[in-house]
Amino acid sequence: MDRRSFLAALALMLSGCAPKRSTLTVGSKNFTEQLVLGELLAQYLARFCALPIDRRFYLAGTYICHQALLAGRIDMYVEYTGTALVAILKEKPVSDHAAVFNTVKELYSRRFGLEVLPSLGFDNTFAMVMRGNDARRLRLKTLSDAAAISPQLRLGVGYEFLERPDGYKGLAAKYGFKFAEAPRVMDLGLLYRALQNNQVDIVAGSNTDGLIAALDLVVLEDDRHYFPPYDAVPMVRRETLDRHPEVAAALQKLSGRITAEDMRRMNYAVDGQKKDAALVVKDFLARKSSLS
Amino acid sequence: MSLPDFFIAHKREVLTLTGEHLWLVGVSMLLAVGIGVPLGILLSRRPALKSLILGANNIMQTIPSLALFGLLLPVPWIGARADRLAILALTLYALLPVVRNTYTGIAGVDAPVREAAVAMGLTRRQLLWQVELPLASNVIVAGIRTATVITVGVATIAAAIGAGGLGEFIFRGLAMVDNNVILAGAIPAALMALCSDFALGAIQRSLVRRPMRTRH
Amino acid sequence: MNASPAAAIEFVNVTYRVNGNRALISDLNLSIRRAETLMLLGRSGSGKTTTLKLINRLLEQSEGRVLVDGHSTAEWDVIRLRRHIGYAIQEAGLFPHYTVKDNVALVPRLERWDVARIDARVREVLQLVGLPFGEYADRYPDQLSGGQRQRVGLARALAADPEILLMDEPFGALDPITRAELQHEFMQLKKRLSKTIVFVTHDVAEALMLGDRIALIDSGKLKGVFAPAEFLRSPDESVQPYVNAFRATQQILNSGA
């Protein structure tokens, strides 16, 4: 092949690799909840905006998703406000949901030219979880309630929670927890099993863990707002919204529609029941009357 | 799903990631050659700089690629965008073979040839373009060839820091424990390395001084 | 060049030092006449090649002046200086990636002669050195024997018709038969060419055969300049060892015959 035709072929191939302008690419991180949320955005927009959607899931972490968004390799993904604030913007953690959201929205717009849309409706923050029976029997609804009887409780935590400044230490200080024994440290995956088997009475999990729904566990309310908020918000490139204004409208309609309970159920369906994430989301969208 | 079926089902994604990979490699190699060859030429003029420049290059090559990516992350402007960072790191890695081979190739020009050229009144520039570079071209292309193959490989790691490319498949496949996905990244990357090695090897062979091929 | 002085090349109080202090050439005063063949004769390391290289500024003197055509080499534009001086060395130094034709045409091409003129000159000069154009023009140096390479080197040095030719032991690496051939042809050639030739050698016989005058250099100093016959008769003590060596060879040959 002579040089000219080689260069032409190369140019053609490289130009074909740029995503077509009318296709939207939805990204996600590499854990179950993110896959579900990515599917949610993808299927929802496909249906209501009639746009072709590409999926670029399993991006290995916050930084990688952010870079992909900046570079235009993805048009949007769902981030958590607390993560955006601390990990990306490198600001200090704050407890007030609205304050965190506004800071993130403003700084993302100013520093990166990215739009942060309102929360999908749930907060994937740390959750102190107890067996349903115990919570009902002892009439425990909030963390303050639990703190009052903390000497009777055994605590189970993961390594990270124990070490993080916004983890165990701060919690104990804020609420005045006084456990009879030191917290038992174990792998995250084993926390709920230990709770189920009565080896511990209260564990530090995540608000949207699938097993919470499945095992009749209860999340105690953070009435003193200790844990920083991790509201799930769609983050979108401004160019994408300029090109497709209908996307903004559609995503606004999604805001506030997904509850923590919804998320737990979907997470469990994928993790616990091994169902396909795309099917789980399809089911969800069909059943959720306000969304179909 | 069989591997060929997987490729067909995901061909858009494979092409997109391959394109990103090619872009990372292409830009880095252009920079490496654009900086490396003149640097090698400079080195041949000022051998005193040899230990400094080759030494610095050596250090660069010794740092594991993932570590280099990590080291560059906090640097302002560079670290702000993963593709910039990846291209910088890839260029730094590709520099050593290019600089070293350019220097070796030019320094390897026979002393009598160089002396005769200077004595006949070639200017510095004429000496470079009509004698040194043509005689060193084979060795220089060999260096570019090595650098390209290295770059294709290290570029797969760039996905770990968010620069895209075929490495994304590999890391994703590892997380999903899905061999098809891993191979969807590994095979095109390996093919890219092989093809560039082959193509540059062919160029290299065509630059071997003609007389060697036409013995009568 | 302007009004030609009798001396084509002149060394005036020239000293050449390396590493700050070691003088390879000390206080050299030498006048080379136009159209003469001057042999620079000396042992290895005597400074004869260094002297040669001062003429086309491959080396620069530490003290003194070297005049070419009446002007100090320091004043000349060095590129112009070199393009007007032919240079032939022992290894020939042909460009391995150029054909014989391209090698010979080098300086004319640099001087932007027109193509027809270059072609004609290349043919002429290859003829002069005994290499038929048709057979040799498109060969590459590594397809030539040592003797053929030297011929091409000489042709290349002559291509732009320079007035001065510098030769550094050009026949030194050849076998005796080829060397004798080339020496003989060179003798014929120089009669036709009327160029100023400075020829470095350590071989007394060659010096006596080819030179109009012989400049004897020892340890960086000029010991004297002699016509060949004078050289053989000279009582000068630096000349003695050479003459003795020369006579000794002759005697061995005569006695063995």
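Per-chain residue numbering starts at 1, and chain names A, B and C are given in the order in which the chains are listed.
Everything below uses one rule, namely that a contact is a pair of C-beta atoms (placed from the backbone, for glycine too) under 8 Å apart; a residue touches a chain by one contact, two chains touch by 3 or more.
Nothing here was measured: the structure is a model prediction, and the numbers come from that model.
Novice: How many links in the shortest chain of touching chains run from chain A to chain B?
Specialist: 1
Novice: Looking at mean CA positions, which chain is nearest the middle of everything shown?
Specialist: B
Novice: So, comparing C-alpha centroids, which chain is the farthest one from chain C?
Specialist: It is A.
Novice: Rounded to the nearest whole Å, what is the centre-to-centre distance of chain A and chain B, using the mean of the C-alpha atoms as each centre?
Specialist: 40
Novice: Rounded to a whole Å, what is the gap between the Cα centroids of chain B and chain C?
Specialist: It comes to 47 Å between the two C-alpha centres.
Novice: Chain A to chain C: how many Å between their CA centres?
Specialist: Roughly 86 Å separates the two chain centres.
Novice: Please give the residue numbers of chain C that touch chain B in the complex, ascending.
Specialist: Interface residues on the chain C side: 56, 58, 79-83, 85, 87, 89-97, 106-107, 110, 140-143, 153, 156, 166.
Novice: Write out the stretch or stretches of chain B touching chain C in their complex.
Specialist: Going by the criterion above, the answer is residues 110, 112-123, 126, 131, 134-135, 209-212, 214-216.
Novice: Applying the document's contact rule, which stretches of chain A touch chain B when the two form their complex?
Specialist: 13-14, 16-19, 30, 54, 56-61, 63-68, 70-71, 73
Novice: Can you list the chain B residues touching chain A in their complex?
Specialist: 12-13, 15-16, 18-20, 22-23, 81-83, 159-164, 168, 171-172, 175-176
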